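Here you go, one structure.
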Amino acid sequence: MTEATYTGALDLAAGAFLLTAVLIVWRRELSAIVRLLAWQGAALAVLPIIEGIYQREPAPIVVGVVVLLLRAVVLPILLARAVGTEDQERRESTPLVNTTASLLITAGLTVLAYAVTQPIIALDRSPTTRALPAVFAVILIAVFVMVSRRRALSQAVGFLMLDNSITATAFLITAGVPLIVELGASLDVLFAVFVLGLLTSHMRVAFGGTDLDQLRELRD
Amino acid sequence: MAAALQVVAVLAGAPLVMGGMRQVRARLEGRAGGGIGQPYRDLRKLLRKQQITPQGTTVVFALAPAVAAGSTLLIAAIVPLIALGSPLDSAADLFGVVGLLFLGTVALTLAALDTGTAFGGMGSSREITIAALVEPTILLAVFALSIPAHSANLAAIVSAAMQNPGQVFSPGSVLAFVALVIVTLAETGRLPVDNPSTHLEVTMIHPAMVLEYAGPKLAVVEWASGMRLTVLLALLANLFLPWGVAATDPSALGVLLGLAAITVKVAVLASVLAAGEVFIAKLRLFRVPELLAGSFLLALLAVTASSFLATTTQ
Amino acid sequence: MTTALHNSPTVPALGEGARAAPPAGALAWLSGGLTAALGAVGVALGLSVIFGEPRQLRIGWLLPLVGVRLDLDPLGGLFLVATGAVSIAVGIYAVGYAQRERWARFPLAILPLFVAGMLLVPAAGSITTFLVSWELMAAVSLFLVLSEHRREAVRSAGVFYAIMTQLGFASILLALVVLSAAAGGDAFSTISAHVHDLSSGTKTTVFLLTLMGFGSKAGLLPLHAWLPRAHTEAPSPVSALMSAAMVNMGIYGIIRIDLQLLGPGPNWWGLTLMIIGALSAVFGVLQASVATDLKRLLAYSTTENMGLITLSLGAAILLRSSGAPTVAAIALTAALLHLLSHAAFKTLAFLAAGSVLAATGLRDLDKLGGLARRMPVTTVMFGIAALGASGLPLGAGFVSEWLMLQSLIHSPADGNTTLALAMPLSVGAVALTTGLGIAAMVKAFGVGFLARPRSAAAEAAQEAPASMLTGMTLAAAACAVFAVAPALLGPTLRQVLAVLPTVGGHAAGPQLGTFLRLPGVGGSLSPGLLAAALIIAVLLTLGLSRWGARHRPAAAMAPLWASGADTLSSRMQYTATSFAEPLQRVFDNVLRPDIDVEVTHFAESQYLVEKVTFRSRLADPVEQRLYTPVIRAVNAVAEWVRGAHTGSVHLYLAYGATGLLIVLLVTR
């Protein structure tokens, strides 16, 4: 793999990673959001695989394959099942911030991410750090999704995006995470999704819906 | 010479593009369709009809179709469709072309207001809202395209893309392409922004504006909207895939090759567009801003991506 | 909207007292003639300075201590020319307008004084002279705004204008006093020689204070609130002078003090100007696109255009300090050219609006319409102005906005993060401004002048008298020059750029020939050629559409389709409010309209509706958020102070005596 193709592939993967995040903000259909999350997982998995092929090391490739299985296959299937059981709540119908404003805020966050990562890029101008702003932007977008969405499932998606982007940052900055750390983190995430799934179904039993605003009633 | 041929090709080819798209759609929807040549027959029929002036309209109403068609023809003469180096190339760059495009839109919206009917006002109000929101995306996409060429002049952009074909697949270029496709759909009144074949006035945008036109004037309006679509599709094709565009002062063979290349590109793009339209529904009017905000975001990402990638590789 | 349903502007003429006075024919000729003559002097003087030697004039006895000091250089000359040209058109127009509208004697008499004040500001060569002429301009304009002081809206606008313009003046005064003290001199030339000794803290203080003062005069956010009120309520020739000439003085102040005297400023000055400019542009145009009052729409469009100019000035500073003086010169040229073309099309627009107001007594677009048949010349004039304001090809604003965009997209690509982030966002802001500007102008022209009249007053409109038309024709000719032959302004702008070295003026500016070429960066445009080609293309289309004419039956008139009803009534038309409704809905979060729908049902059944009342109010959100708390606080303090005012004269004398004692003790 030449230097140029390596750079190009990294750019494209990071770009796809960012694009899926943008599309998640854009779409309302929960099933579409979960599908996009799977694609994001795939884009994330490509990062260490490219790294491994370029460096000719097997360890990052293994990490990549594990990440691919977990984030592009297992987690989306779990989430999709949660969507499937919800009858009426297949859409994020009324997010707290409307879609147009959300998209513009996303634009602002991306630009902000470019601005704040410049010092880090200046430290080391390698192809991996160059892709950092895109990944960092996803962190901000993920937090924004968690802030602005009503449905518990969208919150879970935001959480997973956050985790994806933190993992991606780790891949890019440290050029790879030790296998065992990545596996541990992924297991944590898996448990978190289980817990969220349980909570969601409990909420549905208790309130008949997963609109988080209804949780306010617990306080009164 | 090539510029004159471009104008003639757009004039003659626009009904063909319309007919072809309708035919593709008809076949995919399981209908027989009117045949590719149907728009020509429609235009001939309309041009032979009586000139009818609606009572109470002014010269604005009478001239608007000619301004819309004329500005589109001028765009066809400026942009490098068949060959580079149009004599008008340095008279207007991509910003100028966008301005001309909006001039045509404004002419028709004013004509619609001039009639003073409810539907005329409705159509023009919607059209101008969409046009206003499209503008940021278009200009940002122009910005993104001008970064590699260091110029917004069309010949410079196209020749830069010819010299460096690999840059077409850079993230900036891909994002700019998607953004431009969305705004082209909005500007030419295609699905999902507007339904060109609707007969329900309440959902119309462009058709509602031209509801009062009849006979030869309607022919010019229809022709103008066909030419607009043709020119924009051709421009889109050549900005990103400039293969086959002849150089400045081309030979006769070069011109023929250029003509063949652009015909094939427009045919492919138009068919893809028509096929895509079968599968999508019209968006609610107030969901259109979401679409345009999304395209704005893509264009902004295109600019930031290309400027940041351009700066760090130096 | 607000104006549509509440204080719908009715008869624009003056109060009863003025109406009783005999029409001042001779005075109108005198005042209008004097205004135009002063304008001509301004143009001549300005041109002689731009192309000749700088002129200086000292009149020692006129002001105590320092004397009057006038220094004319090409920059001041440019503003003299702009102000003068506007005054010529307005002066001629005012002759007919004053007679038709029975303008009162006092405002008519001080009209030339206003022009004189505006001509003195760019000519001033020292801080004292500058401040005195600034105050002259501000005070006279206040009296002019109050011409029709018997109407409540005018008084309220006057109070707003008086307070804001005096606060602005105070801020400028403070800034220039600080500057003068620090640099140790009163004349601009002395200050400019000592400016390198100033500490950066002083410079920053002066910059911020002048930005506040000049920004409020230029109608920039958030100090724009006086502008839509004063421009709307003043007589139209005065609105034209204020909007096309007076607001320019704010920009002049920013260029003279912040760019020329204090420059080259640090990066953040440029960024601040860009942000304020972009916000003003987008906010102004947004308000313009939902406004239903014709003059309010034009006033907000002034805020928009001043915003664009400020954005360009900021870009020039930023580009200059990023090592791109050529591109900075393009940005500066764009700003100056836009200032001039805005003066041309805004004069024309306000004069045409004034002629509509004089003919119908209406400013409300919801009640206008059908003027194209009744006032054809005024309609064409407004059309030219609207085309200019929308920044489309063939319009006066096209070339300058094109230059603006070119300067924004050609920033140097050397890894400068600030530029790489600021420029795309600015392009987005400029583009949104242009897009919404088109919508606003289509609304103003299409709803106001085309279609059928929406009220009896509009139905009875008659064309304006000859002198008003002459004034408008002059402004329209200027618009045409900007639209197709900006080459004529090339030499002037080059001379002006040469005196602004601190913002990239030494670098070769763009060449404004038949083809506009940008040195150093690729880009060219030929507005004249484009216009000619467009006309040929339109004629070609008209010729082509003759095809088949032999077979056609004779042309006929036919009634419009009334959507199934018997006859088409003017109530079926879209109004300005309905035209802007989609935009209002899209920008709901920013505009925050206050909408009331009241449905009254019949007593028999709640399914039958007797009456629906719809009320929509669009207030300025910035004003509501920012000004209301301040005004409330001031009122609270005033209330508190009132406790000391008992009405007893003895007590007041005691206050005075105590105060004197305190002063004596402190200064002992």
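Think of it as A, B and C in the order they're written, each chain with its own count starting at 1.
Quick note on the criterion: a contact is a pair of C-beta atoms (placed from the backbone, for glycine too) under 8 Å apart; a residue touches a chain by one contact, two chains touch by 3 or more.
Please read these numbers as outputs of a predicted model, since none were measured by experiment.
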{"item": "Pair exhibiting more inter-chain C-beta contacts, A-C or A-B", "value": "A-B"}
{"item": "Middle chain, criterion being Cα centroid separation", "value": "C"}
{"item": "Rounded Å distance, subunit A centre to subunit B centre (Cα mean)", "value": "37"}
{"item": "Subunit A and subunit C, separation of their C-alpha mean positions in angstrom", "value": "48"}
{"item": "Multi-chain contact sites of subunit A, meaning residues that touch two or more partners", "value": "100, 111, 114"}
{"item": "Multi-partner residues of subunit C (each touching 2 or more other chains)", "value": "420-421, 424-425, 586"}
{"item": "Interface hub residues of subunit B, defined as touching at least two other chains", "value": "289, 296, 300, 304, 308, 312"}
{"item": "List of subunit B residues in touch with subunit A within their complex", "value": "169-171, 174-175, 289-290, 293-294, 296-298, 300-301, 304-305, 308-309, 312"}
{"item": "Interfacial residue positions of subunit A with respect to subunit C in the complex", "value": "98, 100-101, 111, 114-115, 118"}
{"item": "Of subunit C, residues touching subunit A in the complex", "value": "417, 420-421, 424-425, 586, 589"}
{"item": "Subunit B partner contacts - residues on subunit C that touch it in the complex", "value": "289, 369, 372-373, 390-394, 398, 402, 405-406, 408-410, 413-416, 420-421, 423-425, 427-428, 430-432, 434-436, 438-439, 442-443, 445-447, 450-452, 515, 521-526, 529-530, 533-534, 537-542, 544-545, 547-549, 551-563, 568, 570, 572-574, 578-583, 585-586"}
{"item": "Touch list for subunit A against partner subunit B, complex", "value": "8, 11-12, 15, 18, 22, 26, 99-100, 103-104, 106-107, 110-111, 114, 121, 125, 130, 133"}
